[in-house]
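What follows is a short report on a single structure.
Chains here go by letter, A, B, C and D, matching the order in which they are written, and residues are numbered from 1 within each.
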Amino acid sequence: MSGTPRPRYVSVIGPGDADDETYGLAHEVGRLVAVRGGVVVCGGLAGVMEAAARGATEAGGVAVGILPDEDRRRVNPFLTHSVATGIGQARNLAVVCSADAVIAVGGGYGTLSEIGLALKVGRPVVALRGWDLGEHVAVAASPEEAVERALGRPGA
Amino acid sequence: MSGTPRPRYVSVIGPGDADDETYGLAHEVGRLVAVRGGVVVCGGLAGVMEAAARGATEAGGVAVGILPDEDRRRVNPFLTHSVATGIGQARNLAVVCSADAVIAVGGGYGTLSEIGLALKVGRPVVALRGWDLGEHVAVAASPEEAVERALGRPGA
Amino acid sequence: MSGTPRPRYVSVIGPGDADDETYGLAHEVGRLVAVRGGVVVCGGLAGVMEAAARGATEAGGVAVGILPDEDRRRVNPFLTHSVATGIGQARNLAVVCSADAVIAVGGGYGTLSEIGLALKVGRPVVALRGWDLGEHVAVAASPEEAVERALGRPGA
Amino acid sequence: MSGTPRPRYVSVIGPGDADDETYGLAHEVGRLVAVRGGVVVCGGLAGVMEAAARGATEAGGVAVGILPDEDRRRVNPFLTHSVATGIGQARNLAVVCSADAVIAVGGGYGTLSEIGLALKVGRPVVALRGWDLGEHVAVAASPEEAVERALGRPGA
């Protein structure tokens, strides 16, 4: 087979303990990805992961959570589907491999590892707040710009 | 949170190069899981994995594929969603951890490893053909019996 | 590079809660691998893993433990070196990939998964007690026979 | 058990295609870790991984390589022991979990992911060239300073 399967998947990564502003940004990113017909992928837990899943599913879209634990039950309640990997922090690799593009909202060490893994396996990364990694990561000033950089201009 | 999230997930495991009879059994297992409202989880590739996903999605249900590769594009065409783990054969752990129950259709060494991992993490395993592991695995004589053992009697 | 690196690595797999007889068999397997100049690889925890490491290092040999946890400190005290993988039960894949041959002493579900993974990645498996998997696994009646099947006849 | 097992393990991380200067720095880091009685852990391949292993083993020390592949044979020739994980880039988690401290020599995306994972699981990171991550990573001006920051002052 060839070609990226439709719909496009966007992983939204960020810390599990987001403040209100970061939560709001991630929620809006999730919503916009869903409105554009994309699937939101996330780490399945709280904070940015929850906000993005919530934004997507409240807008009628789909959110897939990829969990570190062996158990699918420890999960935020806004996921359409959840996958329990049992591999701990190594699930970060699955979170980014499953994406066509990655949007990082806010910082955190797990997020940093996901940015590194995404770049290593060739996924484009857009940052909305958080780690400043120079030329390696596109920086967006708003959720709209982040999603546009991840999915391209609407209709383009 | 507590309680298994609805819908229930059933992983259908088996070799990637199934003969016609095994393919047909896995297809019927996937169909019956979907008819019962369950989600089919599989390894995302060919053979039994494809048959189960095909049976589920042709019946209007959902199939989630969990892939060994870094790329979501090498995948059978019958998946509703796919997750690329990048962890090779270790993705077998994610395939069984994501399930509430596991149905093995046919043999193969990867299948054997998944049965061992499923039992290790406490998931019930039903075998339809394939490995004879004595008391450790329930044996079903038909797809109907396999799905009934995995999901319980309808209406029960 | 080509050729298997010397020394040869033998993974000794088995349950973490071995009875005295199983512990004794695994200890003797570890000792004999070391006497033959091989390195014992194991899962790093108690039971068969500890016994094999103990047998090897008490005989002046080397034992490498590959742990499921993120922490190298939860480990049996008979390892020459330990590796903490942080990937839970998926470390079973590393235990068998690191081996030139695998000897299973006793049963257990993790052991079953390791046998499946070993066969999947093409490592020969010798069983000393434990799972009866027919033609797929060579059966040995004693530690001597198990090590001879794993490493070949001395001097051959 | 409690307390970090002796000897102490230092993971030396960095790109697989190091230039001469980076190779020289990593070689010296490996040598100094070995002289101090530490074990060098690395990713087992070329570039910085090879240089650190070479520095350690040429000085009479020990180097352990943790490989992404299923096969222990694709490896640099300066390792005392090698572990094949079969989990691809997820082996980066094992490289940092196995360490008491991490020294990054040079940049690269895999290195960035390892820094993130190390910080996530609570391992101190010292950078010698490469990624500038502000307060999160200690910066060393020389191999001597890097090893001193990782292992403490000699005799202290």
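We adopt the following convention: a contact is a pair of C-beta atoms (placed from the backbone, for glycine too) under 8 Å apart; a residue touches a chain by one contact, two chains touch by 3 or more.
Please read these numbers as outputs of a predicted model, since none were measured by experiment.
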Inset, instruction - Report which interface contains more C-beta contacts, comparing B-C against B-D. - result: B-C
Inset, instruction - Just grab the chain with the largest centre-to-centre distance to chain A, centres being mean Cα coordinates. - result: C
Legend entry - Separation of chain B from chain C, taking each centre as the mean of its C-alpha atoms, in whole Å: 30
Legend entry - Centre distance in Å when chain B and chain D are each reduced to the mean of their C-alpha atoms: 40
Inset, instruction - Note the residues in chain C that touch 2 or more other chains, in rising order. - result: 70, 86-90, 93, 121
Legend entry - Chain-level touch network, classified as line, ring, star, complete or other: complete
Inset, instruction - Write out the stretch or stretches of chain C touching chain B in their complex. - result: 87-90, 92-93, 109-117, 119-121, 131, 133, 136
Legend entry - Contact footprint of chain B on chain D as seen in their complex: 70, 86-90
Legend entry - Parts of chain C lying in touch with chain D, wherever the complex brings them together: 1-5, 9, 39, 41, 62, 64, 66, 69-75, 77, 81-87, 90, 93-94, 97-98, 100, 121
